[in-house]
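Two complexes follow with subunit A in common, the first pairing it with subunit B and the second with subunit C.
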Partner chain A sequence: MDPYDGNRFWPAINMVFDRLIGVDKDFNPIPELATEWSSNADLTEWTLTLREGVKFHDGSEFDSADAVYSIGRMVDPEFDSPVRAVLGIIESAAAPDPQTLVLRLSAPEADLPLLLADYRALMTPEGSAETVGDDPIGTGPFKMEKLDPEGTSRFVANTDYFFGAPKLSAIEIPAIADNTAATQALAGGQVDLLLSIDAKSAAEFSDTSKFTVQNIPSGDWNAIDFRIDQEPFDDPLVRKALRIAVDRQALTDLVLGEGAGVPTCDTPVWSGDPFRWDGDCAQDIEGAKALLKEAGYPDGIDVEVFTSDVEDNMVELVQVYQEQVKPAGIRVTLTMADASGYWDDVWMKEPAFVDSWGQRPAVQVLNEVYRSTATWNPTGQQDPELDAMLDEARSIADPTARAAKYQEIQQYLFENTAIFVPYHKTLVRAMGANVKGIEPIVIDAVRWEKIEVG
Partner chain B sequence: MSIAWQLLRRAAVALLLFAAMACLTFLAVEALPGDACTSLLGRAATENKLEQCREENGLNEPVVARMVDWGCGAVQGDLGYSIKRDAPVTEIIAPRLRNSLVLAGVAGLLAFPAAVVLGLYSAQRRGSRRAKLLDTASLVMMTLPEFVTAAVLWLVFSIWLPILPAVAVLPSDATIGEILPTIWLPAITLAVMVFAHVMRSMRSSVVATSARPFVEAARYRGLPERAVLLRHVLPAALPPAVNVMAVTAAWLLTGTFVVEVVFNFPGLGRLAVDAISDRDTALILALTLFGLAVFILSSFISDTITRLLDPRVRAGVGA
Partner chain C sequence: MTDLGRVTGDDEVLHTSTRRRRHRWASLGGAIVAAHVVLAFVAPYLPLQDVSEQHSDAVLQGASSAHWFGTDNLGRDVFARTLWGGRPSIGLAAASVVLAALLGFLIGTFAAIAGGGVDKVMMRVNDVLLAVPSLLVLLLVASFIGREPLVLIVTLAVMYAPPIARLVRTASLNVLTRDFVVAARLRGASRWELVVGEVLPNIRGVVLTEVAMQFTWILLAFSSLSFLGLGASPPTPEWGLMIAESRTYMSITAWPVAAPVVMLATLVLGVNSLVDRNGVDGAT
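Showing the complex of A and B:
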């Protein structure tokens, strides 16, 4: 249950713990454990006011010392939490008084509130590193009664919750690994809610008197990455040709299923993000041919793409891509790699490979995947111009001007990037018709205390 | 050669076979790409973290040393430690084994007695309309994939007349009492298949035996049909059916992956599927060897029973 650990029990951490800052359904930052925040003029120092009178499940008071401790664990290079990729920009955290938290950054960051709204950036009690895994004490709407990741875990209401007592007295999370078994459990009324189902099983729940199905555009995406440090992908003309020869809408429908994805023009920023750029990237076979010719490949090129069934959709993506780009003279060979060694031996190593990422806000995904100095820089890109644009964007305080800059960056990527991003996935959530209070938004913004089962 | 000596020799061969297979399995798991640490860390695997994890878990020792270590532990009942699940393998397997035994037991009780009786009936009355119906039904049952049976059972028992839970939703430490209500659908699915196999083998074995000269001879001697059946046909027809039952029982205990996954039943089959998808090597190794042991043991037992049942063997002739 350690929220900063890579092997966290993800369905439950947001029931037990709270963030400093949450997000509303339009992904604007809203108060959670912090009630107000502001920065200095150059956006390098942020001051947060913490909510008063908040108690942990064990009755102890939540204050700035706990916040300093939690952030310290998130950014500890030794512990190397996955959250560090998000908040690593925080250089130090200080607690001048119990209700005030001061964060100093290594570079200006206008969107720090959004980064703090990462669903894992949760507040744990001071000194809890050793105990939080088995005996999590949070401030959240539910307290853990029993952790049983392979059986049924149980969480009971925290009636003292600062946003008001939860409407449910308890939530049980059973482990059902198989998709068919899970849909049967809902169909037979054994469970009330499935956070995510296969888009193809949604038809089973079409009876609206019994079930509610929500289609939730998300920020999860797949990609085919081409290593910039290898020929012929070092040539931006080739890279663009590889990307514009595709009919993205058709590819999305074929790979994910009808309506199960939102096509995108090689931007990793998803459709719900206020900084998203929506360009025009219709299939252009002639354009791709012309670009290849200009780059010195009049007879087309051969590309070997590595993929694996380590996750859903990763093989289908290459199969559909292979067919669609054929007329442009791009001859794709699909090479299957073993699932167990994929992230170790293939990903970021072979010249071209399939990639998969979870949802992140614009500022985070662009810096984590595209910046030259990023821990993960899957294509080996070294582009000082892009880095300068990213630096500039994060230091613009005005949201409108910042959005314009981020959109300019995405447009720049469409011309240059070596990461072909065809779609963002749409999640399908299914529940009994008697379940109320779940907004059709991604898990980051679900308010567990507001859910009722009638 | 006495029966006891024969059995002893067979037991020794079975043990040797098991030891050889254990070594092979260990090396096969070893040869898989990646190890317990790469699977635990996944995409977060940096050189440093991998090295630290391997060091902590003794994965840097040479293969042979680890194999010997594992073997010595296994002999004393220690099947290793699952890094992924952070628990000793025996502790993970024990409750799952109990659940699988209960499931196999219920399925076996539903299937075996009915299969023997109806197999005998269908052989005796072959050609009759009822026997033909029974034969056709068993053929259909045998070829029906488990997930089709499962879908039909769901529709009938958990949606139309909702009297049985569709899948098992249980805590890991569920008691047998808590498990029983969820056991019926998976047990019936398994029983359908097992029944068909055993019934058909029973039937063909009875048919074959009935045509043998000693049965004819018994009839000529004027024995009533009932006595021919019970005293002459059955003893000779049972051993082949017992063989099939033993293999089937072993399968019930170790081969129920699809059924357990589809019904979310917390037995060994689902554990094995989870272990493979998590690449939990210690657990995969232990479960594979457990499966091996069950099969070797079941063929040993069926062999023994066959020998004891066969009148020729008992009389010390032939064999």
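Showing the complex of A and C:
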């Protein structure tokens, strides 16, 4: 149950703990445990005012000391929490008084409030490092009663919750082995809510009045990455040819199911993000052929793409890609790799491979995937020009100007990148028709205390 | 020749009606197997739809005049894929079983003729191989060495040769004690002449039955491997792989799963009924 641990129990952590800052359905930062925030002029120091009178489940007060402690654990290099990739920019946290938190950054960051809204940036009590895993004490709408990740875990209402007492008295989370079993459990009435189901299986629930199905555009994406340090992908012409030969709408419909994804022009920034660039990237077979010819491949090229069934959609993506780029003279061989070793032995190592990322705000995803120095820069792209643009973007205080810069970066990526990003997935959530209070919004914004079952 | 009655079952005591029933059953089996083999050979020449063409506007549809067996999750024609789907499995299983038969025959006859310590050691090794779960070995080989057809064929042959070897040895020992073999030995026939001239013709029927049975096991093993994602590679149409790819969508349309299942089941059943007759008649 440690929210900062790589093996955190999601979504349970989001019922038990709260963030400083949340997000609304349009992904704007909104108050959670912090009520106000502001920065200094050069965006390197942020001051947050914390909510008064908030109590942890054990009755103790939540104050800035807890926040300093929590942030300290998130960015601790030794603990190396996955959330450190998001908030590592925080150099120090100080608590001048119980209701004030001051964060100093190592570089200007205009979007710190959005970064603090990461679903793992949750507040835990001071000194709880050793106990939080088994005995989590949070401020959230539900308290843990029984933890059994392989059986059924139970969470009971926290009637003192600062946003109001939850409408449900308890939530149970049973462990279900796979997708098929999960859909059967919902169909059979053993569970009321499935947070995510395969879009093509959703047909089972959409035709009946007994269920509600929500389609929620999300920022999760798949990609085919081409190593820029290997031939022929070192040539930007080849890279562009590999990306423009695809009918993205048809690919999205085939891989994910109709209406189950939003096509994207190689930008990892999703449709709900205010910094998203909406380009035009219609299929251009002749253009791709011309680019390949110009690059010295008049007879087309052979490409071997590695994939695996380690996650949904990854094998289908290559199969559909293979068919679509055929007319452009791009001959794709699909190579299946073993699922257990995929992320260690294939990803970022083979010349071309399938990739999968979760939703992140523009600032985070662009820095985490494309910056030369990023640990997870999957194509090995070293581009000082791009790095300079990223530095500049995060230091612009004016949101409109910042958005323009981020859009310029995405347009630059479309011309140069070696990462083919065809779509963002639409999350399909299914529940019994008697479940109320879950708005069709990303899970980060769902208010657990408002859910009721009629 | 009825010398092998003891090995193959006492057909003398079978009633005529049972025999006739078995014959009818076997002819049906033969017809099914023949149909499968012919289909596998001619599939590329039939006016079928392209097995890899995808229709984004026709995903997971039921049977229709445009797609006789409906479409799969990528909008591909299930009928064409089902007809093509036997080619990798049947081809690979046939190649493996020929190799397994050859290995089994060589090991079995060699052990039988050599006798003594050599025979004992060879059969103990054979027993060890028989005790190893073949699917497990296949999974390990496919994960660590590779899934190229040649690798799989050799592995399958090695894993499925032991039962054939054991049977060949038993049948050969039986033949080797016969008077006509002893006579041939006295004539000065070499070991090789004994094997080819005397042993082989006499054990042919029973060995063929065993080989055919092993063919069905190999077929199922390869399909299982594909089902587990380590056999045929997508987008190849292959029965085991088709079942694996489509099972998630079974509640939406059953065709993409049912069609390859029926094909696999009928082929196995066909081979079994065919060899049922051979089990009786092989020795005569």
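Methods note: the second predicted complex is superposed on the first by the 452 of 454 C-alpha atoms of A that agree within 3 Å, B and C clash if a C-alpha of one lies under 4 Å from a C-alpha of the other, contacts with A are read in each partner's own complex, and residues count from 1 in each chain.
Note that in this section contacts are C-beta pairs under 8 Å (C-beta built on N, C-alpha and C of every residue); 3 or more make two chains touch, one makes a residue touch a chain.
In this text the structure is predicted, and so the values were computed from the model without any measurement.
Subunit B and subunit C, once both complexes are superposed via subunit A, fit side by side.
For the combined arrangement built by superposing the two complexes, subunit A sits at the apex of an angle of 30 degrees to subunit B and subunit C, based on C-alpha centres and given in steps of 10. Contact with neither subunit B nor subunit C is seen for A:24 once the two complexes are overlaid on the shared chain.
In the superposed pair of complexes, A:80 makes contact with subunit B only, with no contact to subunit C.
In the superposed model, A:191 lies in contact with subunit B only, and not with subunit C. Of the two partner chains placed by superposition, only subunit B is touched by A:176; subunit C is not.
Touch criterion met: A:338 reaches subunit B and subunit C at once. In the overlay built on the shared chain, the residue A:302 is in contact with neither subunit B nor subunit C. In the superposition on chain A, A:316 makes contact with subunit C only, while subunit B stays out of contact range.
Looking at the shared chain after the overlay, A:152 reaches subunit B, while subunit C stays out of its contact range.
Taking every C-alpha of subunit B against every C-alpha of subunit C after the fit on chain A, the minimum distance is 7 Å. Common to the subunit B and subunit C contact sets on subunit A are residues 180, 338. Touching subunit A in their complex are the following residues of subunit C: 52-54, 56, 59-60, 73-75, 143, 147, 229-230, 233-235, 247-249, 251-252.
Against subunit C, in their complex, subunit A makes its touches with residues 179-180, 183, 198, 200-201, 203-204, 250, 253-254, 257-258, 309, 315-316, 318-320, 322-323, 334-336, 338-339. Note for the complex: subunit A touches subunit B at residues 6-7, 80, 82, 146, 148, 150-152, 174-178, 180-182, 184-185, 187-191, 338, 340-341, 343-345, 347. Subunit B makes touch with subunit A in their complex at residues 32-34, 38-46, 49, 85, 147, 154, 158-159, 162, 165-167, 169-174, 261-264, 266, 270, 273-274, 277, 279.
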